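Okay, so chain A shows up in both of these, paired with chain B first and chain C after.
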Partner chain A sequence: MYLYILRRLIFLVFVTIGITAILFVIMYFLPGDPARAAAGPGAKPEHVERIRIRLGLDQPLHIQYLTYMKNLMRGDLGNSIRTRKPVIVELRTYLPASLELVPTAMLFSVLVAVPLGVLSALRPGRAADATSRLFAALGMGMPVFWVALMAQFIFYGKLDILPFGGRLSTGAVPPEHVTGFYLIDSLLAGDLALFKDAVIHLSLPALVLALPEVAVISRLTRSSMLDVLTLDYVRTARAKGLREWRVIVVHALKNALLAPLTLMGMQVGWLLAGSLFVESVFSWGGIGFLAYHAIYKRDFPVLMGVTMVMCIVFVLANLVVDILYSYLDPRISY
Partner chain B sequence: MLTNSIYAAPETGLRARVRERSGEFVEQARSSFRHNPLGALGLGIILAIVLVAVFAPQLATYDPDKLNREARLLPPSAENWFGTDASGRDVYSRVVYGSRISLQVAVVVMLIATTVGSLLGAVAGFFGGLVDEILMRITDVFLAFPALILAMAVNAALGPGIGSAMLAVGFTWWPVYARLVRSQVMSVRSHPYVEAAICIGATRRRVLFRHILPNCAGPIIVQMTLDAGYVVLTVAGLSFVGLGAQPPSHEWGFMVSQGANHILTQWWWSTFPGLAICVLVVGLNLVGDFLRDGLDPRLSRTVV
Partner chain C sequence: MYRKAFAFTNLFIVLALVLVACSATAEPPAPTEPPAPTEPPAASAMSNILTAAHSEYAFTFEPTFCNWSDVGRICVVAYDALLKYKPDTKELIPWVAKEWKISDDGLTYTFKIEERIKFHDGSELTASDVKFTFDRLKALDDGVAQNLHAVGSVDVVDDYTVAINLSSPNAAFLFGLPLVFIINEDGVKANEVDGDWGAAYLLQNDLGSGPYMLTSSIPEQQAVFEKFDDYWKGWEGDHIDGVTFLWIKESATQRLMVENGELDISMEPSADDLPVWKENPDYQVLSADSPVVFGLDYRVIKEHVDNPLVRKALTLAVDAQYVLDAGVAGYGSLARSPLASSLPYHNSDIELVPFDMDKAKALLAEAGYPDGGFTVKIGYEAGQPWKERTIEMLQQNWGKLGVKVEPMGMDYMAQEAMQQDPKSEPDAYLHHIWPSAAEPDIALRPYFHGDHKGKFGENASYWSDPEVDRLFDEGIVEADPAKREEIYREIQKRIVDATTASWILELPFSIVANKYVQGYIYNPSVHQSLDVYNMRLEGKP
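Up next, the complex of A and B:
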């Protein structure tokens, strides 16, 4: 088991190297000139040249890459071209907001989707199947950015019950920076009003981000549950007189969760991508928001940093899924 | 219907055989659609959108790119069914013409991804060994990324535009097909007819492209339909963040982003193009679902 985790972590190192290599090659051959972009419009050629040398952009590709990797080992990801701050500082500023949004969405989708899937599995038949099928197709078919806009229009514009965007109301002072998570920091500061404000602001973006997940996960839970319910051990459990809810929740569900779990791991990638849209529509200051602005400014050190963080989160999430596997199904061991 | 073909006096000749076969096919399709009416719905949606794309000039009520200062930001009405945008262009006509772009996106991206993926996957699966090992490790690295993020980086590098958006998404989508084709090739490779082809002296290229690849087509086609929806969403997303289609394009995702700042006051501008994306992607998802069930009987059995 530990060996397996270790092996996966080593794979993570290779993935990081691979990702940086691919991004590096792509960005090396791109038509735009980061040195010119950094110098600003109308800069003198010698000024641009100076910046090029300062940023090391005059070196050949493999030297640039090696330098980058060497700095990476020391936790130095270079400086943002846009703000000139170190990328690692930028990431540290923006990451907590995303770590607040994405797991909340994940948690929410599981809490809704799994019961929904189980309940619909208790009603087999064509009508229920068609409903869950249609719901899944709809959930996956709606563009996240559009859902976000519609949610703003309905819940802020028409009903006026939820805020338009941001992490706190305008004028509210963010809590003292301890973890960067507003939910935790506001509680640490003992400011309940601020905590409530943060929760209200979090709810709509998290709901929007969770919606497609709810659709897919509930669909898969349903079909996986239907599969398990036909198995012999379920019949045995019923035959020995266990209560129906116990048969379903304790016996069947645990095995039925394996398939949705795999999906959830894969869906983390989709959530991270979705967070980019949701964060930009709701002005939520997370790394998706950061990436959105980095794209516009061709701020490649930042883009590289964000991409790397997202990939690492993605790989780690799938590692967690694999570990959960052996908990759910003791037959699986690594 | 089927009973007819069994009990009726047997007709002779090729034409009769063709008629019988196509009758069976129609019957089969009808029965599958009865079993899964949503598949029929999905197919209907896609056919409708293809028709809209083909007959766009007839269906549009205005020139989609014609500016009209007098008709800016009008709400939906009898003249402008979906209202007008800030330049006075008719949103309905733009949505109608936008169907051409989105269908083209789906086809082009799938072609790029399947061509690259099939080629690499086939080579890896057929030759095995070191080639396989190297190609699959590269594929793993690609699969370890969320596709949209990589597509964004590639798109940003290629420069904004719908063409580079399609290239970027195609470039990030091939690993799925490489994996799929590899596993298919490896299972088909061991069939006796492949051995037979090798025995009669066919070259390796001929065996791979004439004997093995055509027999891997089923799962690839299913995967393509399942992916087409995601691809349309991804390209629309790239347009939404400003990397894909550029003004004055009537690409749907781009129109949503243009109307985004007006969502509270002129809701129709973003709403209708977004709805169009929904309809197309839902149609593709339903057809993909349907085809997968048809291909894998085990899956369709599970959904009672």
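Up next, the complex of A and C:
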């Protein structure tokens, strides 16, 4: 197992190098001048040229890439063209917000989608199945951006039971930076009021982000469960006189989860990248927001940094899934 | 069992690795104050705190970048500048500098500064801080430094007198000063890391002397400022105790928050919502003409629009009133010149071009195109309602002349790349003239001087006139305001006569505020800013 993990981590290095190379070429040929964007409004041409030289943008593509990789080996991701901050500081600032939001959304979606999928498989065509189908239609059919605005309108604007967005209440002082995760940092600071505030602020964006996942995972769990329930070992388990819940939860579900689990691994990366719309509506300063600014301002170093993080998270999420496989199915070993 | 434990151990290791990767190994910029256990502020505590929402996050609290409007609004509350622009009289008034004189050769500006100004750390603002501010900007060569290339050196004459020496006379120099915010020299030196002039520290802290000081911030969400008790202008009379800037991307969310009483000012209301707000007696729409002029720039190097008669004919077929009504809900005003009426030396004698389809058709025939028969490709940044409405209007009106409009929506950076390439497709661009300071030379020169042809955000029309270039060069060294006014009025006249563009609107800057917000005045020298110190909250619950 350890060898397998090591192999995957080495694989991650090559994936990262490949992605940086592809991204570098794409960004080089994108229309737009990062030096001009960095110079700000009304900058004189000579000022723009000085910035171009300072950023190394006057060099040929291969020199720029080699310089970037050389710096990367030293852990230097460069400085943001827009904010001039080191990219590593930008990532440290924005990534924890996303890593709080995305796993919470994933947790919500699993907690809702798996039972819903199981119930709809057990009672096809009944109320649970209809609910599952409704979720699927709503979750997949409505743009997440619109759902976010509607959720905000209902829960904040009309019912006034949840905040409009943000990670903390207006005027609240954030906890001292330890991990950047407000949930963790507020607990470390022993500030339960702030922890509660952070949880409340997290709930609505996480629920909105979870909705499309509920749709996909519940439908996949349903179809997977329907397949498993017809297998011989399930019939045998029932014939042995095991209680129905035990047959379903311990025997059938465990196998049926393999397919949804694979999907969840894939979806984590997508959620991280796709959280932009939710972050935008809920003023959630996460990595999606960072990517948006980077694309708009052709902030190549930040975009490279964000892409690498996405890549690492994606590979790690799938590594976690692989490890979980061996728990769910003892026949799988590495 | 062993197998499960093994799997979970591995899972734990991977998750721990992720967590460790996100925790700081190097110290991130610290908040200004060590945070104390916090309860969200109670409503009553907010009764004299102004809460305003913007759509763009201030990525730093560093005054070097206050030429960006998202940072500039922070500078206005946390810092002071030597001079201030007075919007209602369009003149510069003393601020940190209580008086100044200009040498006969126009090369040395000597400023006497106020003797009672304190920075937020309690230290005194002296001439040395002013010199340090200019030296720092020159060294960083970034942000507002671009307006200071004429500055050769700065000398401290005594503790409260500073002399700025220019390398060549520059009549626009003073107008760049409202954006040069004085920074605390000792504060920068105490927080300098690896010769960064305190830049890392200023990402999350302020080192100013302004009426409000930064107490905490959350990226992309909020920055909280409290009043600085020792502010040199004092706190007698009615003032606001603090201001919280929120960054809310969506105007729909800003609207919800205003309606829920959580927001006092929405800085970017949707134009479609403005009539609704106006009808509601609980709120007020505060609108002013900004220095931003919106128009259709013709690239005079392209076929058809290289003919001045064609440009004049097409301009006659521009229904600017429609764009004013449908694009910005009637706020703003029709543009007659590339220099906005809110700026000094605006030529109000220039007549508005009437919307006259018959004349347009006749003129197009005179130009050799009685039935039109050509296409104009128009590049524009998508997503702004006044631009979308303009495209619709042009498609309809020019279509009646037989001229086909081909819209080319794109993002800002793609438009930049196209404008810099004379061979790129568009024949015209929907374009803003967006001055970086409230001064006519700074406002017009980049867009109309021959030296700026083909530069993004500058002379995108590729038009030039040697006489206009000469007038610019004369105007920048002319010290007599009356003569300068004459020069810049003539420049505007020549530009409009050449029809380098169809000038459409002086864009409004509109905000929505609760009715208890008083004292707001739009300041074109620091776009989208709030002069919170001179505002009041009368009867806020």
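In the analysis below, the second predicted complex is superposed on the first by the 320 of 334 C-alpha atoms of A that agree within 3 Å, B and C clash if a C-alpha of one lies under 4 Å from a C-alpha of the other, contacts with A are read in each partner's own complex, and residues count from 1 in each chain.
What we mean here is this: a contact is a pair of C-beta atoms (placed from the backbone, for glycine too) under 8 Å apart; a residue touches a chain by one contact, two chains touch by 3 or more.
Not measured: the values here are computed from a predicted model.
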Discussion item. Just checking: does A:D160 make contact with chain B only, chain C only, both, or neither of them? Give me first, second, both or neither.
Written reply: second
- request: For A:Y327, select first, second, both or neither according to whether it touches chain B, chain C, the two together, or no partner.
  value: second
Contact-wise, after the overlay, does A:S169 reach chain B, chain C, both or neither (first, second, both, neither)?
second
Practice prompt. Give one of first, second, both or neither to describe whether A:V250 is in contact with chain B, with chain C, with both, or with none.
Written response: neither
Max touched-residue count on chain A (chain B vs chain C) belongs to chain C
| For A:Q152, is the partner it touches chain B (first), chain C (second), both, or none of the two (neither)? | both
Open item on the list: Contact-wise, after the overlay, does A:L319 reach chain B, chain C, both or neither (first, second, both, neither)?
Closed with: second
Quiz item: Touching A:L107, do we find chain B (first), chain C (second), both, or neither?
Solution: neither
First, second, both or neither for A:L66, with chain B first and chain C second: neither
Margin query: With both complexes superposed on chain A, which partner does A:T83 reach: first (chain B), second (chain C), both or neither?
Written below: second
Note: overlapping chain A surface for chain B and chain C spans 30-32, 149, 152-153, 156-157, 280-281, 296, 298
As the complex stands, chain A meets chain B at residues 14-15, 18-19, 22-23, 26-27, 29-32, 124-125, 129-130, 133-134, 136-138, 140-146, 149-150, 152-153, 156-157, 223, 226-227, 269-270, 272-273, 276-277, 280-281, 291-292, 295-296, 298, 303, 306-307, 310-311, 314-315
Listed in rising order, the residues of chain C that touch chain A in the complex are 3-4, 6-8, 10-11, 14-15, 17-19, 22-24, 28-31, 33-41, 46, 49, 51, 57, 59-60, 65, 67-68, 141-143, 145-147, 149, 199-200, 203, 215-216, 218-222, 224, 244, 246-250, 252-253, 256-257, 259-260, 262, 411-414, 416-418, 420, 434-436, 442, 446, 452, 455-457
Given the complex, residues on chain B that touch chain A span 37-38, 42, 138, 140-142, 144-150, 152-154, 156-159, 229-230, 233, 236-237, 240-243, 253, 256-257, 260, 263-264, 267, 270-271, 274, 277-279, 281-282, 284-286, 289, 299, 302-304
Residue positions on chain A within touch of chain C in the complex are 1-2, 5, 30-33, 36-37, 39-45, 47, 50-51, 82-85, 89, 92-97, 99, 149, 152-153, 156-157, 160, 164-181, 189-191, 193-194, 197, 279-281, 283-286, 289, 296-298, 313, 316, 319-320, 323-324, 326-327, 330
